[in-house]
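Okay, handing you the structure first.
Every chain is named by a letter (A, B, C and D) in the order it is written, and numbering of its residues begins at 1.
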Amino acid sequence: MSRKLRMGMIGGGKDAFIGGVHRIAAIMDGETELVCGAFSSNREKSKESGALLHLPAERVYGSYEEMILEEKELPEGIRMDFVSIVTPNHVHFAPAKLALENGFHVVLDKPMTFSLEEAKELKKIADNSGLLFCLTHTYTGYPMIKEAREIVASGKLGKLRKVYVEYPQGWLSKYLEVTDYKQAQWRTDPKRSGIAGAMGDIGTHAFNMAEYVSGLKVTSICADLNINVPGRLLDDDGTVLLKFEGGASGFLFATQVAAGEENNVKIRIYGEEGGIEWQQEDANTLKVKWFDQPTQVLRTGAPYLGSFAKHNYRVPPGHPEGYLEAFANLYRNFALTLRARLDGRTPEKEWLDFPGIEEGIRGMAFIENVVKSGRSERKWTEFEL
Amino acid sequence: MSRKLRMGMIGGGKDAFIGGVHRIAAIMDGETELVCGAFSSNREKSKESGALLHLPAERVYGSYEEMILEEKELPEGIRMDFVSIVTPNHVHFAPAKLALENGFHVVLDKPMTFSLEEAKELKKIADNSGLLFCLTHTYTGYPMIKEAREIVASGKLGKLRKVYVEYPQGWLSKYLEVTDYKQAQWRTDPKRSGIAGAMGDIGTHAFNMAEYVSGLKVTSICADLNINVPGRLLDDDGTVLLKFEGGASGFLFATQVAAGEENNVKIRIYGEEGGIEWQQEDANTLKVKWFDQPTQVLRTGAPYLGSFAKHNYRVPPGHPEGYLEAFANLYRNFALTLRARLDGRTPEKEWLDFPGIEEGIRGMAFIENVVKSGRSERKWTEFEL
Amino acid sequence: MSRKLRMGMIGGGKDAFIGGVHRIAAIMDGETELVCGAFSSNREKSKESGALLHLPAERVYGSYEEMILEEKELPEGIRMDFVSIVTPNHVHFAPAKLALENGFHVVLDKPMTFSLEEAKELKKIADNSGLLFCLTHTYTGYPMIKEAREIVASGKLGKLRKVYVEYPQGWLSKYLEVTDYKQAQWRTDPKRSGIAGAMGDIGTHAFNMAEYVSGLKVTSICADLNINVPGRLLDDDGTVLLKFEGGASGFLFATQVAAGEENNVKIRIYGEEGGIEWQQEDANTLKVKWFDQPTQVLRTGAPYLGSFAKHNYRVPPGHPEGYLEAFANLYRNFALTLRARLDGRTPEKEWLDFPGIEEGIRGMAFIENVVKSGRSERKWTEFEL
Amino acid sequence: MSRKLRMGMIGGGKDAFIGGVHRIAAIMDGETELVCGAFSSNREKSKESGALLHLPAERVYGSYEEMILEEKELPEGIRMDFVSIVTPNHVHFAPAKLALENGFHVVLDKPMTFSLEEAKELKKIADNSGLLFCLTHTYTGYPMIKEAREIVASGKLGKLRKVYVEYPQGWLSKYLEVTDYKQAQWRTDPKRSGIAGAMGDIGTHAFNMAEYVSGLKVTSICADLNINVPGRLLDDDGTVLLKFEGGASGFLFATQVAAGEENNVKIRIYGEEGGIEWQQEDANTLKVKWFDQPTQVLRTGAPYLGSFAKHNYRVPPGHPEGYLEAFANLYRNFALTLRARLDGRTPEKEWLDFPGIEEGIRGMAFIENVVKSGRSERKWTEFEL
């Protein structure tokens, strides 16, 4: 199939942050083109955004329902192949459901839905549809995170003992939701974000990284959730003790009130023989530590990396790739897999390595469990799906 | 003008490195699309590359001459707006000339030409054409390099005294040009690279950064050029003492035999009151140092940055951008300026900030002067244009 | 008083680690000399150690009782002024008691005693004696830790919200207590270390730093303590959620099974306006972060530091000081205070800034509370003295 | 011999910087004690300094001549064993000569003398005396510098190609010699410093490191020396191209006008197979880089280090040592060697590894050659002794 895949976008109008990120990520590698969009539930705004994106007016829609239903009627050589949904959490389930039910593959921003119940329902719909589904947990798109996972999986570090994951931000240190800062408004609004604030926004990313890199599932948690800014309605901070299957333990912390911090998500994992350390501020580096040997500094693009890390990089070592490329790796792997399917080829295992419905379910379960644990007087809360 | 700009590419077939980089950089921001290409002087290879890029067969050409002349005949709504030339150095001048003479704007990889003489000739052609010209000195696309330039220009650092720029690589530590490593072959071949090796490939980048950030012109140099690998035909290493207008001094070193080094281009500039330091391995950080105050760590995306740094970034602080985004900034500014011109609008000053023909001339003069100095027994060689 | 202070040492024979550290720390600044010692409870070993230290044989004793009682009988111009006790935890209380009761000032390694009960008893003895007492919580001796405390105390960071302190080590990743590794033997032995392992050894340091820098007292904790190495008798790892007076929260983790980690104790504190970050691997640097301004990098020796940081440094900026100097700062401040007292002068406030009996009590309370919390099924355990 | 070695100090009165450093370095390890001093040529000031150092008044002298001649008359069990000379450069030769001629071993601050001629004369005197001589090139005392030398010497890096050494400082960015800043006064005064400023003060350190770590001698140089501050009499800055025996090349830069820089001396060496990198700001780390393998991070105190690095460290990995310990390593090795000689034992090879008269000669030759080259119009100046 020698053509680009065709993407329609839901949400991501001109004032949004994450919509632009998705668009860059989707088109960067030349596998996908943006062909249509419902960028806002306000038809005017949607049209305006579409024009700025150089889309033909007739492919810019006033609502996602309109887009999905009208695109479905377009001829095969023209209509979109998949939708990318980048709306706030409360508008995840309905457009994803409608897209799947009308034959469109789906890329969906995290957390997957508004509630765990919705997530389970969506899983059923996706499973029935037989369509491809990608959930954009960006950080697992980093090549050195993939390398870390391969090293852990190889057993070289020995039996895992500790998993430390942290996600410090400072942008919500002030009471910004009463200003006209849109991102701050909806992230702190239970009606649009759901039952969790920081835990839903960035805690789910940290949780996903912990399970992805360690290859272990969390079995019980002990959460201390806090609201640090008076008047705020959702947690802006929390620390969570973790227990994993097989006996490893650790913590996850996610905060949006660490004033002066940007977005330096970091993971450290230790086994009996050694450990790994990665942080987004130095994203092209993976430190591998050993009980009694020198620490090794692994770098993106290097010849000694495993196949997953190599597949997810574009340039020679020393030419740093960043957040947008990590994000693009999700879209690229989704696109390569989709293209293989459309062509009737078997996708490579490296292409299939993008987060999907299962990660979405576990992320929503994390939110429910962490809120439950935060309210509990008992130390440990079992992690339930 | 609500459409994407249309780019045709010359060179950059499937085995090339820099062609893919140019394509990502060009399309990432949604301002430009690749519509045609002459990816190789071998028609078969060109076709094959075009198919991989999902281009329609009829827009994939067997030579740049064919592309330029045939595209010229296409209707305005279809034909390319500009060419991107990503061939080895000896195939820079001719396609650039032909494109300009046929009304196509040009983006050209560095160094500008094969010789200074060609560079001067190209300048005449470009000046006469009145068309836009961009030379891809990638590193000036980094937002923190732009911030560094603004800080220097503000005078806060006081009168400049020292400019240290370095570009260590290790990839040519071995005699790779006798293997089938294409990049190593042509970079070390005087017939394709010109009279300089490392100095032409990466020395020109370092030189460009030094002049761009300092705002000062080099006036004399003292070069020690070396061939470290027996059998090699061009310098793979050199250190150059620099004198600048106004009295500042410093050095430039560029080496491709620092085994274990990747691509960590770095610049340090000091004035009477303080200094700046930036390196590609930590590209989102600019250190600003002061005689008797704490060093400040400036970060991409932050609210306190100047308008040039802000214009050249896409995401909030802490979401690292890298080499591809720096490269994309060149294409984006070129595209914004071109679009403004096509629309009859005045471009913003931030859009106009991309390297062009003058930087190309100085880069070629650097090559000629540095080789001359390397052969001279006198300490100082005047920098002549 | 123009003479050096005279120190006698209890413990610290030739195979011990911390004894040598104390000796370097004590004499480095020329304020104190080692004049006698009971380096081992084995007379032979004590003599052997004394000879290696160039002590006259008659001042090397076979037990601490002997040393204290015999030194007491020596003339004033000769006998020791204070003892330094560097034995394992179960031999802290008795020699400290005996020294105080016989008129000798005391420097004591942490944790203060074997149990909280002993600690309280020792406090009474010390209070009654009117003698000087220093507990060697090394890390509060670092100048940048003192600067951090001053910045927090100044209120510039705003009301504190988060305190994160961590102490990762890897040296007990293997079952070393069954080898002839002395340090591993006693640290993991409940009869010599007390009821806690990692929490007593390094958790107490982390706890002390958290309270010292934040200026806040911990009010409740939630601990997850673990034994990771089969056969081990005491915790080798733990993570503890913390609540502080005034509403701040955070965590402390201390582990000795993070294979590949050395000793990189680290603290981060955030208030409404900004935060501080320090880690021992980069001990001469303090990062001060701000909500919307560039991070500042403060460095030891710099002219802009506060009086506490300045007093605790010896050389100009850029000449790194380390662990031994931090340790020496405790001894130096103890010595300056003691000398002032002996001379009838009032010590400067900077000299008085060394840890003492109160920090020792809180450290022992931490051990008791953290073990209690570790065994509790309730989330929060009140921090009781 | 079970006693401490006895040191007398020349220079290093209460306002001096380097005297205090020498004293800490000398006594830290318990091998040496300060027994007498001529701390100033002003008898009053010398007495005052001696009192602050808790020395008995009768061992504090009014001049170095007095000290040397009077100490010589004291009984063997009391008189000093060696002198430590920490005066400005113009008062190096005479006291060193007098000490050697009167049977005292010598520790001398760098650069060795005021001129190369004096240096050659001092070598003759030292050789004739048969006494021990140590020149305090501090940086070769760092354990990781010793490790770097061992790695280079092992041949693992392959044939050396590049040696880059740099020493940036900023403290002389202003015209401080007209204030009452004593250090600035004599460092910039040709009558006290000699023919070079920055090159003599810190350039000699950098030169010494380059030759020590590479194991290669410099054979020719090309210097650009500058005076950046109007009114200053000696170079405050310079960059020097270097050629080494065997074909390696590189540069040395030393500047005291890089405003905002502290003292971050740094060395990088590359061979055909890999390279090493060390800088004082991260003194406990040595990076070892490889052509196609991960960089290794070697750390002081680690079990995998060579015997020289291990011998020159005191504490377990992760407890940072710094400048004072590096300095102390020189004194300790000098003392261990001296003690062995006094005891008639053969010193270990690790003890003998401290800089001496040969390094002093080469340092003074560097000063003469670099000034000569700086004035020459020819590119290369042969390095002559």
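Basically, contacts are C-beta pairs under 8 Å (C-beta built on N, C-alpha and C of every residue); 3 or more make two chains touch, one makes a residue touch a chain.
This one's a predicted model, so the numbers in the text were calculated from it and none came from an experiment.
Any chain bridging subunit A and subunit B, meaning touching each of them, is among C, D; the list is complete. When the C-beta contacts at B-C and at B-D are tallied, the pair with the greater total is B-D. Distance from subunit A peaks, on a Cα-centroid basis, for D. Subunit B and subunit D have centres, each the mean of its CA atoms, that are 43 Å apart. For the pair subunit C and subunit D, the distance between mean C-alpha positions equals 34 Å. Separating the centre of subunit B from that of subunit C, both taken as means of CA atoms, is a distance of 55 Å. Listed for subunit D are residues 261, 288, 295, 299, each touching two or more other chains.
Remark: subunit D residues 2-4, 17, 20-21, 23-24, 27-30, 34, 51, 53-54, 169, 171, 261-264, 280-284, 299, 301, 314-325 touch subunit C in the complex. Residue ranges of subunit A in contact with subunit D, taken from their complex: 287-288, 292-299, 302-304.
Of all the residues in subunit C, the ones that touch subunit A in their complex are 157-158, 161-162, 164, 168, 170, 173-174, 222, 224, 226, 228, 237, 239, 241, 243, 249-251, 253, 255, 257-261, 268, 270-275, 289-291, 295, 376-380.
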